[in-house]
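Paired with chain B in one complex and with chain C in the other, chain A is shared by the two complexes that follow.
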Partner chain A sequence: MKDTGATIEFRNVRKEFGAFTALDNFCLEVGAGEFMTLLGPSGSGKTTALNALAGFIDVGQGDILIDGISIRQTPTEKRNIGMVFQSYSLFPHRNVLANVSFPLQMRKMHKAEVRQRSMKALEMVQLAELAQRMPHELSGGQKQRVAIARALVFEPRVLLMDEPLGALDLKLRESLQLELKALQKQIGSTVIFVTHDQGEALTLSDRIAVMDQGEIQQICTPQELYDQPASTFIANFIGSNNILRVGGADQHSIQVEGLGRIPLKPGTEKPYAVGLRPELIRRTESDGVPAMVEQTIFSGEAIRYIARTEDGTEILLVEPRHPGEAPLAAGQSIALGFDFENLIFLPK
Partner chain B sequence: MKAKQNWRLMALLLPAIALICVLFLNPLVGVLIQSFVGDDGFTLKSISKLWTSRLARVVLERTFWLAFTVTVICLLVGYPAAYYMSQLRPRKRAMITYLVLLPFWISILIRTYTWIILLGREGLVNNALQWLGLTEQPVQFLYTNFAVHLGMVQILLPIVILPTVAGMVNIDGGLIKAARVMGASPIRAFWSVFFPLSLSGAATGGLICFILSLGFYVTPTLLGGQKSLIIANLIDLQVHKTLNWGFAAALATALLLATLLCLLIFWLATRNRPEFATGGLSR
Partner chain C sequence: MIRKLLAFHFWLVVLFLLAPLIFLIPISLGESQFLEFPPKQLSLRWYREFFQQESWMEALSLSFRVGLGATALSVIIGTLASVALVRGNFPGRSILTALFIAPLIVPTVVLALGLYMVFLRWQLVDNTLALTLAHAVVALPYSILLVSSSLRSFDMTIERAARTMGAGPFKAFMLITTPHLAPSIFAASVLSFFASFDELIITLFVSGGQQTLPVRIWNDLSLKIDPTVPAAAVMLTAVSALLMLAGEMVRRRNEAHNQNSHNAEE
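Moving on, here comes the complex of A and B:
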């Protein structure tokens, strides 16, 4: 991997639209060459952050730095940022090659070099043979490939992507995800990727910043986010999870619905709720939590069971499927086993 | 079943088709026939006069030149106004659109007479100029090319502005952002992205303006006087004064063919451009 990416820093950025606060004291540091994803529901401020970095909106307060230098006074066209938009934003009056050439032409590059570099970028996304097509003659996936080539053609040190795969169907999205990741590794740009798709975020990112209401709720690697979500909101948002309410507590243990009494490590505070990943629950012969299968869901590589414990709590568990083995039927009694260290203590 | 339904729907067009046949196609064919009929049956005399008569040639040339210059002026004046309108919020744009359309509430005849009052020797403009001391003698505005252009541009401007605005509003604002982030200054983003994409709407407006200008009658007659005869005046002259209906019909046919030719050229020039396919009106 080449080290050509720039560092990016948001310092206490605040942006309001009327009474709505889109970004509230927003701080974020992105390392050189890092793939950083802003993940959150719509209205969480992730696109506002991207637009502020691109220079489409002025920030009210705070500062944005690229490589340690403030860009607040730099106009959009001088920021040297590559960007891929959800709506592709290909120029409809220019053919594929002319679209990809655009950033180089704006940089007043020599004609022959423009052509050579544009073709190279198109080869990178495997579209060289469509160079003379017009955008309206392309499929959605091809359009987005052209948009990616156009964003990368001038080898920007910062690449912004605003839900670039959102308009594509699932299969195409998954194959483009892998391609995108490979391209980024090859080019080494620092990437800020905006999405509301948690699966996409987990697949692509070096780090994920979960945003809600203009603030970062948690920022860490995909694995940490999955294993140690900081709140019920995140635990629910990332993957599937059993969120179990916590009842009474004493110094040494807490009462968790469905699971019963759970020991509490000395010095830890009583959590708001407890999370337990469905794939970390196993069926045991005897010494587990007794429950009854209510529903069996076949999902290809795995089988999901919805079980109900004796106190009426619904628990989801996932098991890898073993061919030739019949799944449990509804009404069957089982015992649920789990390890204490796999429980996620959620503070809110 | 489907076909039957289509036929029923087509039936809804019948009144309109009937109306066009009786009131439009019928007289049109009449005119076409008239241009080949002389005192003693079929003749090519009237048609051939189109290129043998110096008067016809001069008037045809003048008509086209007038239509062309009026269209160019309308585009030059209308484009910036349309750009301004396209950048407004929809509610405000609707308000300005009403203002642009306001002159249509007043008859062309009245508007043309108003120009006579304004531009005459004792008119408002001349009085003001003299009062300001800019001129000793009244300036001859009326019965000049200037007055004809002024009157026609005033009437045709909305017709150029509205399709141009419609075309501009359809341009995806994200494209301009994309151009900016890729290194285009606001001015370059305008010329390399916005302007080419706005041409479809402007061209539609210009085409309508040009075709309407070719057939203008009242305004050039009243503001241009006798010196600057155009084709509509000449046809009128042949019908009412010299009673040469054959030649009048031939002139009318020439005007019709010229208009169709303009449409054909426009179609040929734009058929491979997707952004022109809708004439910039909608997507």
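Moving on, here comes the complex of A and C:
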């Protein structure tokens, strides 16, 4: 609305639980108004990072800054951070309106203004009619929207969301994703969003930070992440991918399993493995890699084939479905075509 | 067959529990100077007597004062201790929990003797405040057990949510967590009050000359016995039953409420 979001910086943050390191030399800079997603498998430290920023846990080492000012000594209630929790965390003994009003009441705002602003926030999430309901009278999606309205009502410059859509079904998730993105654009807060759903991350984020075992593996835009994953771990984690081992190499070429000899640009190092997106493989009439269809999987808008090449490598390919056209049957021979520039060279 | 046996057993137990009342109520309603069953003539004479005799009224008043004081102490200390025991993360937590619960397990006579010796040394025998304190020790386990279990079932992130919205730790606890604890705090006060109101043994040891209601009944029994004692006993029972009923109703209502919110989660 008026303010834009704050900048956030994690500077070499380290957090240990006993002998276990949950955050290891964690560095992250988020720009004002940016939508940053922390993406990573379970236990990679995403929630721990949010909890450190919100002030629920003390960080052992390092520093956290909002707008360039350290907040390590600031208690949670003074940090002015809106937060949406995975478990909704509505106040069970207050109705919807009282839930949303709470942050404004804490700021000792005038009664009439509290009411007016709370109703406006509820209208934003399309729940104004349910203002008098108790939390236990709401559906999961409605609860989640109340939680979002409650986190946004005081217009925090930083908004943290820990898998806010995790517990919802796919349809609701997708519609709330769009709503969320629109709301964030409108309010302009800086968002750190946690998910382990890569599709959600790709849809919503300005940038994505991929985490594994308490460390950030790669930070970049969704497209870069998809096209140039920095490691086998990420290539596997984002979308589906064929990860192919690399054998012998000489100056100008490498031996890739399944694909055969691939030319290497002069000056490039021999990669650890090569990735090839299944949707970037096409069937050709001739001069492709010969393979045999092993399995046909129908998945709605697309058809996936698992094929095996002559050297025994399994290759996944995806084709858009053409209605009326029968898919290939198992046992059929095909030839696989691909472009060299679509190969992803993975350094590790 | 088995069901009939069970039903028979059930009524036998009920009868056994109610037997004292079956005798006490008619006796207390008698007219005669002496305990008489069944009474020849019904009257409220001994109830009147109870309220007119100063020593009974004093005993009643002392019981109430000590009971209310012990309840307040038990609930306040119990709630604070529960917060520390449930949420704290310090060594010796489980030992401390056991220590707080101990008065429920240690034989009352042992506890009474211990308190008596401590009170003797610090010259606290025959001191109303000290008596209240002794009763609070007996009542505390109820508060700790009830409030801790309620606190354990409360999702900490809800309180954290309140913190992010600008409530300090105390405010967040009072505004958000206490409403959840209220039913168990209420139940704890009912139980605490009766732990104190019914307490005889410890009171006999440490009260010196002061008489609470149970002590007054006890003393009467060893001297002469007139139907004021059954009248007092019946009223004691009635008050207990009423408060217990109230406690049970609050518990049920709360359970139904939890059930609802639980169903909505599914």
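Here, the second predicted complex is superposed on the first by the 345 of 348 C-alpha atoms of A that agree within 3 Å, B and C clash if a C-alpha of one lies under 4 Å from a C-alpha of the other, contacts with A are read in each partner's own complex, and residues count from 1 in each chain.
Operating definition for what follows: contacts are C-beta pairs under 8 Å (C-beta built on N, C-alpha and C of every residue); 3 or more make two chains touch, one makes a residue touch a chain.
Small disclaimer: the values here were computed from a predicted structure and weren't measured.
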Assess the superposed three-chain arrangement around chain A: do chain B and chain C clash, or do they fit? clash
Quick check on the superposed pair: does A:Arg117 touch chain B, chain C, both, or neither? Answer first, second, both or neither. neither
Based on the superposed arrangement, let me know which partner A:Arg173 touches: chain B (first), chain C (second), both, or neither? neither
Pick one for A:Pro92: touches chain B only (first), chain C only (second), both, or neither. both
Of chain B and chain C, the partner touching more residues of chain A is C
Given the touch rule stated above, what does A:Leu138 touch, chain B (first), chain C (second), both, or neither? second
What part of chain A is shared between its chain B contacts and its chain C contacts? 54-56, 75-77, 79-83, 85, 87, 89, 91-93, 102-103, 106-107, 136, 150, 154
Inside the complex, what are the residues of chain B that reach chain A? 172, 174-175, 177-185, 188, 192-193, 196-197, 273-275
Chain C-touching residues of chain A, taken from the complex the two chains share: 54-56, 75-83, 85, 87, 89-93, 102-103, 106-107, 135-140, 150-151, 154
Which residues of chain A touch chain B once you look at their complex with the stated criterion? 54-56, 75-77, 79-83, 85, 87, 89, 91-93, 102-103, 106-107, 134, 136, 150, 154
In their shared complex, at which residues does chain C touch chain A? 155, 157-158, 160-169, 171-172, 176, 179-180, 257, 260-261, 263-265
